[in-house]
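Two complexes come next, and they have one chain in common, subunit A, joined by subunit B in the first and subunit C in the second.
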Partner chain A sequence: MPKWFSPAVLVCGAMFALSPLVIANAPYESTMGLVQKVFYYHMPSAWVFLTASVVCGIASARFLATGNARHDRTALAAAEMAVLFGLLTLVTGPLWARKAWGQWWIWDARITSSLVGWMIAWAYLILRQYGGPGSEKLAAGLALFGMANVPFIYVSVNYWRTIHPATTVVPKLPFSMGFPLMFCLASFYLLMFLLMKLRVRVAEQQARLDAIYLSLDEEA
Partner chain B sequence: MLRAVWLIVRKDLTVEVRSRELAYTTLFFALSCVLVFAFSLVQEGRAAEGVGAGVLWMTIMFAGNLALGRTFERERQSETLRALMLVPAPRPAVYLGKLAGIVLLLALTEAILVPLVALLFQAELLAHPFWLVGIVVTGTLGFAAVGTLFAAMLVRARSRDVLLPVLLYPITVPVIIAGVRGTMAIAQPDFEVEVVRFWFLLLVAFDVVFITLALWTFEPVMTD
Partner chain C sequence: MMRTLIRGFAVALVLAGFLFNGTVPDSIATLLAQGQPKQQEVFTPIDQLPPQEQLPAAPLLVGAYAFVLLMLFGYLFIVSRRLTVIQQEVDRLDRDTKRT
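Presenting the complex of A and B:
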């Protein structure tokens, strides 16, 4: 691993350890009170989930086009990130929605597309796990289709009615709320980056090990 | 290119006419689905309002999944998939041929399914036959376009029977939403043409995007 990796892990750990303090110091939102604080973890996980999905889709498209295994390893790591942070998003969202809208789950466009996107990322991993040899190309095809699908799901669900807060809320937040949000966002992105780096590294080692086994077989 | 597509469709049709395996199993499975839905959704002799559209599309998707798995399993068992891949025609032609075969089979099933659902679930599905055909055909095409590619990809994968629905259903969510909503709008007493047209156009856009993507991906994913 590069030299900066261990210090970066320490920084990331420290940021997550500090985040409850930063969040606790943020002011209470007037109508939702304490429950609103879920938001400081909910939105960063959602952003990381979205970023990871896009990275997975683009890496898959490049893998299909070039056949370079490096893109495939990136796509796999990104898909795992998408499943992990997608789960965080889908768990923290209802906690907030129960208080804000009085319901655990609402079939709103953004929520539904997140759920379906998360399912596609998970299906990607299931395919890689149980599909047997050659499944990485199939999974790349799935990721590409999954990415193309997002606008369709969004439009089709949106035609009902949308009540999820718009992203335009964020720039208007006061500093006392904006700072904890940005802090958490940075922590989550750093975490995603480090985990992906680690996962790609594991995949690289696996590929090298496989290559060594193969060459030994040929010599024998 | 078109000739190759036609030859593949003709080959599938000839196999089908001789064995009638897919047509019978798909149709029978679709009927069983409708029956199961009827027992679970019809209460006191009446179905809840608007249920018919949902039943129709769930049945299409379940039966379609079965047919998709079977049509490629047949090629695999008789070792004809390799021959199909060696056909001196561009790979997209093979895809289009297979897709056309599946759509024809599903259309045949739907021709029986739609009146049956309308009858058993008291849904006015046939009130606007042209729009209904439009929604059903574009929806089936979108479902089959994704399904044909995935079923073809999975032929050589392990546990393909389970993986096909796992991959197919999340991707075809827009088809089921647009299909069900569009069909419901047709069956409504106060028919609003704008609503139906919106869903129809969404399905057309879905078909165009996903058939294009499938044509592009079929070549790399089907090459070893």
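Presenting the complex of A and C:
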């Protein structure tokens, strides 16, 4: 791993350790009260989920265009990030909604399209795992659909009737609520970057291991 | 004596006027409503409230944060372990191929 990796891990760990203090200092939202503070982990998880889906799609498109395995490894790592952070989004959301809306789940456009995006990321990983030779190209095609779903997820709350907060909420946040959100967002993006770096490294070493075994087989 | 009687009659007239207009009771009711919480007319068991008013927020909030941190640490642990295992395997094979 590069030299900057360990200090970056320490910075990321410190940011996550500080985040509860920063969130505790944020004021309560007037109608939802304490439970609204789920927002400070829910929304960064959702943004990282959407970003990872886009990264997976772009890397897959580059892999399909060039055939370079480096892009394929990036797409694979990004798909795992999409599954992980998508799960965090889809679990923290209902925990917030149960108190704020009185229901665990509603089938509105935002939540349903997020679930579809998460299942596409899962399908990508399952295809990679069990699809056999050539499955990386099929999976790359699937990742393009996952990326195409992202703008739909983002704007869905503005075009379809829902009780999900609109996209205007975040730009209008006061500093006392906006700072904790940006702090958590920076922590989550740094974590995503570090986890992706680690996952790409695993894939690189796995490819190296496969090459060594292949050469040993050829020698034998 | 006469003066006291006239004063009492005047006060009685003013009070009767207020009472017939209904302005005094209304003003008093308004002032009372502003100064103290609303009078409770019925006791409602908590299980008859809408679901979002029955639930305490703290367990949901703590649950959400705990889930996020557990999943992140779990994933970090799994990936780090995989990397260590693969790295050891690669190093072992490198040593073996150099020896032969």
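The working rule: the second predicted complex is superposed on the first by the 207 of 220 C-alpha atoms of A that agree within 3 Å, B and C clash if a C-alpha of one lies under 4 Å from a C-alpha of the other, contacts with A are read in each partner's own complex, and residues count from 1 in each chain.
One rule holds in what follows: a contact is a pair of C-beta atoms (placed from the backbone, for glycine too) under 8 Å apart; a residue touches a chain by one contact, two chains touch by 3 or more.
What you are looking at is a predicted structure, and each value in this text was computed from that prediction instead of being measured.
**Q** Now for A:100: first (subunit B), second (subunit C), both, or neither, which partner does it touch?
**A** second
**Q** Is A:159 touching the first partner subunit B, the second partner subunit C, both, or neither of them?
**A** Only subunit B; A:159 stays clear of subunit C.
**Q** Examine A:149 and indicate which partner it touches, taking first as subunit B and second as subunit C; both and neither are also allowed.
**A** first
**Q** Quick one: is A:216 in contact with subunit B, with subunit C, with both, or with neither? Answer first, second, both or neither.
**A** second
**Q** After lining up the shared chain so the two structures overlap, which partner does A:88 touch, if you call subunit B first and subunit C second: first, second, both or neither?
**A** Second partner only, subunit C.
**Q** Mind working out whether A:34 is in touch with subunit B, subunit C, both or neither, as first, second, both or neither?
**A** second
**Q** Under the contact definition given at the top, report the residues of subunit A touching subunit B in one complex and subunit C in the other.
**A** none
**Q** Please give the residue numbers of subunit B that touch subunit A in the complex, ascending.
**A** These residues of subunit B touch subunit A: 146, 149-150, 153-154, 156-159, 162-163, 166-167, 170-171, 173-174, 177-178, 181, 198, 202, 205-206, 209-210, 213, 217, 220-221, 224.
**Q** What does subunit C use to touch subunit A in their complex?
**A** Per the stated touch rule, the residues are 50-52, 55, 57-58, 60-61, 63-65, 67-69, 71-72, 75-76, 79-80, 82-83, 86-87, 89-90, 93-94, 97.
**Q** Given the complex with subunit C, which residues does subunit A contribute to the contact?
**A** 16, 20, 33-35, 37-38, 41-42, 45, 84, 87-88, 91-92, 95-96, 98-103, 191, 195, 198-199, 201-202, 205-206, 208-209, 212-213, 216
**Q** Could you pull out which subunit A residues touch subunit B in their complex?
**A** Counting only subunit A, the residues touching subunit B are 64-65, 67, 116, 119-120, 123, 126-127, 130-132, 134-135, 137-138, 140-142, 144-146, 148-149, 152-153, 155-157, 159.
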